[in-house]
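Labels A, B, C and D are assigned to the chains in the order they are written; within every chain, residues are numbered from 1.
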Amino acid sequence: MRQIRTDLAMESFQAAGQDAIPGVEVNHWETMGVQMTEVIIHQEDAGRQLGKPQGVYLTLECEGVRQRDMDSRLAMANLLGEELSRMVKWEGEGPVLVVGLGNRRITPDSLGPLAIDRTLVTRHMFREIPEYADKRMRSVCAIAPGVLGVTGIETVEMIRSLVSTLKPQAIICIDSLSARSSSRIGSAVQLTDTGIHPGSGVGNHRRALNRESLGVPVIAVGVPTVIYAATLARDAMELLNEDEQDHEEALDDIERQLLREDLGDMIVTPREIDSLVTDVAGIIAAAVNRALQPELSDEEIMAMMD
Amino acid sequence: MRQIRTDLAMESFQAAGQDAIPGVEVNHWETMGVQMTEVIIHQEDAGRQLGKPQGVYLTLECEGVRQRDMDSRLAMANLLGEELSRMVKWEGEGPVLVVGLGNRRITPDSLGPLAIDRTLVTRHMFREIPEYADKRMRSVCAIAPGVLGVTGIETVEMIRSLVSTLKPQAIICIDSLSARSSSRIGSAVQLTDTGIHPGSGVGNHRRALNRESLGVPVIAVGVPTVIYAATLARDAMELLNEDEQDHEEALDDIERQLLREDLGDMIVTPREIDSLVTDVAGIIAAAVNRALQPELSDEEIMAMMD
Amino acid sequence: MRQIRTDLAMESFQAAGQDAIPGVEVNHWETMGVQMTEVIIHQEDAGRQLGKPQGVYLTLECEGVRQRDMDSRLAMANLLGEELSRMVKWEGEGPVLVVGLGNRRITPDSLGPLAIDRTLVTRHMFREIPEYADKRMRSVCAIAPGVLGVTGIETVEMIRSLVSTLKPQAIICIDSLSARSSSRIGSAVQLTDTGIHPGSGVGNHRRALNRESLGVPVIAVGVPTVIYAATLARDAMELLNEDEQDHEEALDDIERQLLREDLGDMIVTPREIDSLVTDVAGIIAAAVNRALQPELSDEEIMAMMD
Amino acid sequence: MRQIRTDLAMESFQAAGQDAIPGVEVNHWETMGVQMTEVIIHQEDAGRQLGKPQGVYLTLECEGVRQRDMDSRLAMANLLGEELSRMVKWEGEGPVLVVGLGNRRITPDSLGPLAIDRTLVTRHMFREIPEYADKRMRSVCAIAPGVLGVTGIETVEMIRSLVSTLKPQAIICIDSLSARSSSRIGSAVQLTDTGIHPGSGVGNHRRALNRESLGVPVIAVGVPTVIYAATLARDAMELLNEDEQDHEEALDDIERQLLREDLGDMIVTPREIDSLVTDVAGIIAAAVNRALQPELSDEEIMAMMD
């Protein structure tokens, strides 16, 4: 089975071209104009086939988000907040640590840092001014660790250091993703309990951020902001030759050729990616704030942000 | 002859797939590590074939520019400055007006406005403090007019208004372009005496900016920052089927299909487009400043910018 | 009477230190938590005393705006929109032209350009796609002309050129202002039918933008973003010596001395000026959009912006 | 002795108004147009008087830096690089960790993060591609940890976590400072071996970053970007009353009054602070890169940065 380059489990499943894969459960439903697709990979084997670790992947899709429709954005923030609060269990001690992955200076990779800018952090209030800290508030801290080429420090090293100091009970990672279908850029959100795995994301993290590497549950929230140019080209070619098996070899040759001539560095993205990333970062942050502060109103959250 | 979507005359010529086209002259040479390609379209007819107006198109290419090699950047700024000063004739009265086309808030379309930010303007010095205005200085003014969707005003309307007030002797337009080959993104500069024509640029100007529409010579300086995703897909498909004429129809079908599913809005661009556009805007501005202020040193120009 | 440096007519009146000035009418009231102060300068003479042209100046003040209180922001946008729509008469033909004064690259001076980015422009829709142009829509265009040091073109020259092309029936200018009291920075808005006069604004326009210079009504909307450091120092000194008339000469000496040592270039501004200017630009744009599109809902306006 | 609010030890010494303070050594010299002032606080007692910890403070001043004079900027980068390399001893194992303090979204506080963006990091090259890691290269990593209100994590907690993981042999902290004299804003750099102490910086770190708190040598590089408005007002008042001792009480009253009415949040800064901070961050980063990579040329450093 041929694997295409996408960070969305639902696209990996679709690309496999089979109605059903043993060990993989797929559910669809729709709420408030948002299409929900849940892919549950029950077995490691099935995961290898799809190039994704075992776990739950929930994708929320709504075209209106990219068209900046107000109702669509509210619906997405609400539903994402609900699903996220279902995944975060406030059972242990310690804060929740929100991690914004990616590079602030590369627009399609800046989703994580931008979302962090709008995440309500409260941990310091408990420590510095405990008498004022609202009983209804939960402890949250946040960091945008930057990327390896800018810091010289692996993200996993940095987060592991912080985990040993902050002792969070859970981590939420926000990241830009790649997709296969242009219609999902800026209009889909994937939520997963598997964390971040190597080779995913626009910034290409080398090492996993998950319960194994960090010792606490890691939930990842991602939004596709790019298609890899080579994927697009490959797809275009497959489209042309879908019923001609003998072309497989020619396809491989051409893909290699395309990658050689710089296409490997090229991304496909909407012209309006700057405003799209800003918008979506706001939606993600709103969902995270609601999920992590269930007893505060939107107005209170807004007022507490500086 | 099939036309592909590129703003570079040299790529239109290459795409035509012929060694020679009547009425089109092509010259190649290399200086200081920069490849120069001059396409002169002598006849209107030949222009129609290439989808480009009659005139001179000079492309300077240097891969090192994109790799941020210091020597390559200096060589490019020097050569571009020389060629530009050859095109601008300081014969009439009045200032030279530099126009930065494009949208500051869309990264690959922000080249023009960014270059304007670093262009030395002097016209007000002659008017406001004539006694201090350096005799060696020439009168230059600059504007980034914004795009139709942001202003509600056609660029040509705005520039025509300014021309009637400022009475410039020449206009230099700086714009982001589209290309066909990914290797030219951020590493090639096209200089032409034909101005800007409809449908070109990343921002898609609807009406021409040229001597006909504005009444003064219009020189355009452009740098490719994107490939249209549909062009890339089309190219990939052509590559696959280069020797199969019967596929032509299938290709057209698929291209239409690709465009329908949102690809029309998608662009292909390097991941590092943010820093690339900033870098190249600096090179263009340096070349423009040298060409327009031949009697000032680089240090004097730098010191006069606020 | 000593004049202090402020762009707010209400502060000029207060600084005059008199309960009443012949030819000046002052009214106060409060609505929805917003303090309104109307200063009407009926006579040219009285205007000279206050250093402000004859006309109406309405100041809306609400501390909650700076504290990012949601209700305060909505109240301010609503009231400002109402007052603005009262000032703009849609009697003639032609669009309304919104002008964002100031320099995008100097944070406290960037209010105008930032507000323009969020102003709904529609003029091109009437021209390009008349059959789709909504009957309920009014024709609006917008420009951020940049500042003299960046363009080499006086703002009044540029706007006058555009007026002769666009033939607007009215102009709304948005600008950053200076104030005397730190409590008004980012929390007050001044609305006036006198346009912009020389020496006002953070960017210091040299020539008036008003009905005399442009031939159409000019309404100015301004928000104080800075206090001049020399004003602050002067004020501190006056505070100390308020009952000692003999110090007047010493004060003048010291003021001159302070200005000499670079204070003339220095501004006093809140630490959080970056987010404050962004917020306030949003409020101004919302008010402008409502005033200029009274028949469109907020949702329709949002959906029409790209 | 009255202490004024400044992060520059040389200004604290001047403000003390004495020619000599026991336990404090002051040296002046000039090189390449740069004024050097070294304040060595030999005794803790003397430090308390000046409100600064015991240690060496070197201030480099050059007005031309703020006027964007090319020679001045080069001279500053060269001298700062030399002095910095004198302070960093490469004796132990491990990388040097460069920390950019401050808030990227508050212009006068963004110096540290901006400098980090241009710091060459190499640590990952040794780890990931040891065979290619240049023998002449030294191991450097960098982080902009953000501020407490954005992360909920004290800077000292975050850096201490990283120290335990990275085991750096030294730390260089880059920060925005406050000064008393407007002439030093953007034109002076302070270098000290005492690290960062509570209450200093534009962002007001609550806890020290120094050898005591972090266990490794901490060198701080700071540039004044603001004067506190209350300091400016106080200074203006003192200037007026310098020979009138009986005003001391009145001064205190007025200072309190000024602080009450919001002046505590206000800063005094040059209008052009945006470009000034960008420029100075470039100078600091150039100096840091030279000090930390003495065997690489400027061209090699530039080429290695992405």
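Descriptive notes on the structure:
Note that in this section a contact is a pair of C-beta atoms (placed from the backbone, for glycine too) under 8 Å apart; a residue touches a chain by one contact, two chains touch by 3 or more.
All values derive from a computational prediction rather than experimental measurement.
Graph distance from chain A to chain D, where chains that touch are one step apart, equals 1.
Placing every chain at the mean of its C-alpha atoms, the farthest one from chain C is found to be A. Computed centre separation for the pair chain B/chain D is 42 angstrom, with centres defined by C-alpha atoms.
Chain C has its Cα centroid 37 Å from the Cα centroid of chain B.
Contact of a single residue of chain D with at least two other chains is seen at positions 105, 272, 306.
Contact residues on chain B toward chain C in their complex (touch as defined above): 95, 104-105, 116-117, 121-125, 128, 139-146, 148-154, 157-158, 160-162, 164-166, 206, 306. The touching residues of chain D, counted against chain B in their complex, run 67-70, 272, 299, 302-303, 305-306. For chain B in complex with chain A, the touching residues are 105-109, 181-183, 185, 202, 227, 229, 232-237, 239-241, 247, 250-251, 254, 257-258, 261-263, 265-275.
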